[in-house]
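Chain naming follows the written order as A, B, C, D, E and F, and within any one chain the residues start at number 1.
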Amino acid sequence: MRDLTLAMRRRTDVLTTLFFFIIVVSLFPLGAGTEKMILMKIAPGVAWVAALLASMLALERLFASDFADGTLEQMLLTPQPIFILVLGKVFAHWLLTGLPLVFIAPLVGLQYYLPDEAVSTMMLALLIGTPILSLVGAIGAALTLGLRGGGILLSLLILPLYIPIMVYGAGVVSASATGTTDLQAYFSILSGFLILALVLSPIATAAALRISVE
Amino acid sequence: MLEITNLTCSRGDRQLFTGLNFSLKPGSLLYVEGRNGTGKSTLLRAICGLFLADSGDILWDGKNTQSLAEDYTKEVVYLGHHNGIKDDLSGLENLRISTVLDGDDVTEEQIWNALKKMGLKGFEDLPTKVLSQGQKRRVALARLLLNSSKLWILDEPFTALDVAAVDLLQSVIADHISKGGMVVLTTHQEVALTAGQIQRLELGKKKNKNV
Amino acid sequence: MSAISEFFHAGGYGFYIWGSYGAAILLMVGELTIIKQQYRTILKRLSRMARMNAAEEDE
Amino acid sequence: MSINWFKYSSPTTFYPLAGKMIPFFGWLTALLTIGGLYWGFFETPDTLSDQKEYYRIIYIHVGAAWMSMWLYIMMAAWALAGLVFQTRLSYMIASAIAPTGAIATFLALWTGAFWGKTSWGTWWDWDPRMTSELILLFLYMGYMALQSAIDDPRRADRAAALLALVGLVCVPIIFWSINCPNPNECAALHQTSKPGGGNMDPNILIAMLVVALAFWMYSFVAVLMRVRNIILERERHTTWVNEMLEDKQ
Amino acid sequence: MRDLTLAMRRRTDVLTTLFFFIIVVSLFPLGAGTEKMILMKIAPGVAWVAALLASMLALERLFASDFADGTLEQMLLTPQPIFILVLGKVFAHWLLTGLPLVFIAPLVGLQYYLPDEAVSTMMLALLIGTPILSLVGAIGAALTLGLRGGGILLSLLILPLYIPIMVYGAGVVSASATGTTDLQAYFSILSGFLILALVLSPIATAAALRISVE
Amino acid sequence: MLEITNLTCSRGDRQLFTGLNFSLKPGSLLYVEGRNGTGKSTLLRAICGLFLADSGDILWDGKNTQSLAEDYTKEVVYLGHHNGIKDDLSGLENLRISTVLDGDDVTEEQIWNALKKMGLKGFEDLPTKVLSQGQKRRVALARLLLNSSKLWILDEPFTALDVAAVDLLQSVIADHISKGGMVVLTTHQEVALTAGQIQRLELGKKKNKNV
């Protein structure tokens, strides 16, 4: 709730994320050459790496400002169960970093010459996958709270956990681009991850916060 | 009623206090004294559950506060060295959020009144980052006016406040106590506390060798 | 085909040409309307503020 | 001359002046647009080199592309003036230019894409010119995002102005680097891909220039109107604004 | 100086950066498939994008903590010229994010099947290019100081400015991988950029800091 | 000598003060008073050059401080609401760095002594983030003991300090003034300042309508 207030207050933030994606996605062709065949192959990877990075960049600030100004302590002292507050924060984070990517996916498709079905597969995969990133990331953010070099330490903790999501997320797009029709299996795995994360991550994050705040 | 039995806290290598015992009845104030670094803030944080003591119990109406969990935090307001307000939000929004989180049913008008009482008329809807130090503290203190919790834990609440605001806060505290509330307080400023029953607890006195 | 529809058909490229011109007109007219709109709201707000000040002075 | 100049560098005097200039530029825009487009559609051949009718996108495409760059230069110039002379009006003008510049940039990209679809059969390619135009859009966006992210108008003005200047130093470098990714072959790259080359029908050229001029006049209209808004917003506490409001009523 | 103290104090930071690179660089093959030919083509792009991102991730914190705890104000009030202090900070940033990448380059070469000369070219290019990233990034970091959503706003401001460096940095590696021998031109352009950045960036950053601290 | 002529500062929509004039001679102290939010901190920041005033001049020995640049900042120590110390570094390291940056030639021993004098014996080489609020403030104040600047600008230096430390700081200030230094000070606490020549400046008095 509070985070939605904050998030909404700066609607430009969402815009900024959108542009961040556009820029990252546009960077690759500049660095890697512009051959159509290659671009098509790396498109899913690029989109997912962009998703990971946007998620990670914002994770650092997920609890940091609350920690610095003392609102985190206050949150821990409210009569609300902490995992609800954590869920609220994670949801706000996803709204800012995950959802925009879903909407931007068609543009990636355009720039990287992806076929239409692959684009819609990518959108669906991102829709399921990005909340997992936010949920898992929250644990890491809570653990690294207040540590110097937290940002990069965070990446170190979190990236390995992100890899499975990326592998399946990018895998399903490649599969659909090459015309494989049975994408069901990919999606059920991703959804399984999502449910698991939804159940476990708030609890783990709440515990980590208690430890960090002391 | 708040009861502390045999509380021992240490930070880093140093044991700040051992075997601390006291109890606080409704309608009384505990004034925690002590020089810088004697563990006042640590004690206050331990009482509200933000810091885990080495040993000893903190009981609320006879029940352990750790197992009470949310049933205890509902009864506590804590104000620490940090104001606990969001820089980017206005005083109004900050209070609205904190009352919602505290589960208090407060109308918009009450919030405006609380801010007005704290001398923030005209500053209600400015982001708090543009407020002066004392004005920020006033926003944080306005929470006390809107809160229905019994136990107030205030860590140096008077810092940055001007004379008028110090007077005001004193009367707010006195009021709370006279209504049967409890207050745990630290401050280095000379403050005339005239409310209900006042207990004093001095930290770091006997154990000079540790300090 | 009438001359007009032929003109808009533009030898089969109507979509592209008018897609471009349409975007141009939309953006530019839209920009001006938005600015105009902003101008009106600012004026309204300012006059309201002036009235409020006047009311305060009357008190 | 110099006295006049400084007189008009105050928002108080600039506000009414801008009000007087807007209709003038507005009429110019309308006349030039109608004239240019009439010429461009009815006095010109149906094909340009080997291109069919779709070449008529050229009128807005080139106008928008030129304006996008010219407006950036102007924006940076006003930002510099603001930083050097500490005149509020300069900052206001700079920030008024940005949205119009961004729109022109977007338009150049959009029309370029439509033209590309007809001419090259693709909406988008990583052609140097297109890429640099895209980056220009990002620079405009960065300027506007920075300004809107800062609440304090004074800091917002100065920070954004500094950014515009940094961008100005970098823009030529960016454009050049993208146009010439391989420094050993720069000369070769330069000669190719001047679309249309020198063999353009003079009528088309005339129409193109007239429409580009119309774009320019339009920019004046939009920027002046926005400056007036900004002035009102920023100076709402001053007496002259209040007096002006009273006059209006 | 002060930053060196701080930097050295946490020698693990350098390690973390190293791992960050290794992970990012290893991510791509996972997302984009593992065809040798494709990997070779995208290697320079990937390495440079990783450099950009590591630089950016750390930029956010370049002045932020100094700003929050008031040491930035103190720095502005010392009798030292501000641009010297800025240079010190930038140098520390480069030591943490740029230099490690130079050392890790051979590993990238290995993973992406780059020929040996290309690897040494890449190291040299990174050695010249990464300080530019730090220098240019400092301007953006100073401008976005203390703003909400600063991290992503920063990327928006800085990435377009990073592009030329990346284009040449990746270009020279590609050129050397395809056997072009005349790499001199690339390197002189990169060095030119470096000198320009070295002269202008501290001044611009100092000005931006003054504006932001108010 | 510090001279302020016709200084006008505004923040956001509000003009905090207009046409402020005063001058401060060596060996005297200026005590800036005023309620919360009247612009004391803003004035102090304007004096040391962290805030750009709307108009008016700030002269040091007759020369404009903006054009003096580093020649002026050399003469100034500023201590604001923030302590300006690094959490991750120890008090020792913090002071070492700040003396190097200030260009003062201070030995290691002097730093240890300064910390000892501020009552931080035994805490010298702990990272300051584990210190208590008052101990952090003491670290920040230790800079004053090591500094050779003439003009001290102290924004509520007494916050978080216990009674002993307040006394100590008062004597340090009195000492500086008696040696011909200048001090500009704000505080809401009742503090007995007995040093040299004391001037008072009250902000936000006449312009109540603006506050």
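By definition in this document, a contact is a pair of C-beta atoms (placed from the backbone, for glycine too) under 8 Å apart; a residue touches a chain by one contact, two chains touch by 3 or more.
What you see is a predicted model; the values in this text were computed from it and never measured.
K.L.:
Any chance you could name the chains that touch chain C and chain D both?
P.N.:
The shared contacts of chain C and chain D amount to nothing, since no chain touches both.
K.L.:
Quick check on chain A against chain E: do more than half of the interface residue numbers occur in both copies, making it same, or fewer, making it different?
P.N.:
Both copies, chain A as well as chain E, present the same residues to each other, with over half of the numbers appearing on both sides.
K.L.:
Return the distance between the CA-based centres of chain A and chain B, expressed in whole Å.
P.N.:
Computed value for the inter-centroid distance: 38 Å.
K.L.:
At what distance in angstrom does the C-alpha mean of chain E lie from that of chain B?
P.N.:
Centre-to-centre distance between chain B and chain E: 46 Å.
K.L.:
On a C-alpha centroid basis, what's the spacing between chain A and chain E, in Å?
P.N.:
Inter-chain centre distance comes to 24 Å.
K.L.:
Could you pull out the residues of chain A that touch at least 2 other chains?
P.N.:
In chain A, 10, 12, 16, 19, 23, 30, 68, 148 touch at least two other chains.
K.L.:
Among the residues of chain F, which are close enough to touch at least two other chains?
P.N.:
12, 81, 88
K.L.:
Considering the complex alone, what residue numbers of chain A touch chain B?
P.N.:
1-2, 5-6, 9-10, 65, 68-71, 73-81, 85, 213-214
K.L.:
Under the definition above, what is the set of chain B residues touching chain A in their complex?
P.N.:
48-52, 70-71, 73-74, 76-78, 80-89, 93, 97-98, 100-103
K.L.:
Give every residue of chain D touching chain C within the complex, in rising order.
P.N.:
Touching chain C from chain D are residues 41, 46, 52-54, 56-57, 60-61, 64, 99-100, 103, 106-107, 110-111, 114-115, 117-118, 218, 221-222, 225-226, 228-229, 232-233, 236, 241-242, 245-246, 248-249.
K.L.:
Looking at the complex, which residues from chain B come into contact with chain F?
P.N.:
These residues of chain B touch chain F: 11-12, 34-37, 40-41, 81, 119, 123, 126, 130-135, 138, 156, 159-166, 188-190.
K.L.:
Help me check something: in the complex, which residues belonging to chain D touch chain A?
P.N.:
Interface residues on chain D, with respect to chain A: 123-126, 131, 134, 138, 141, 145, 148-149, 178.
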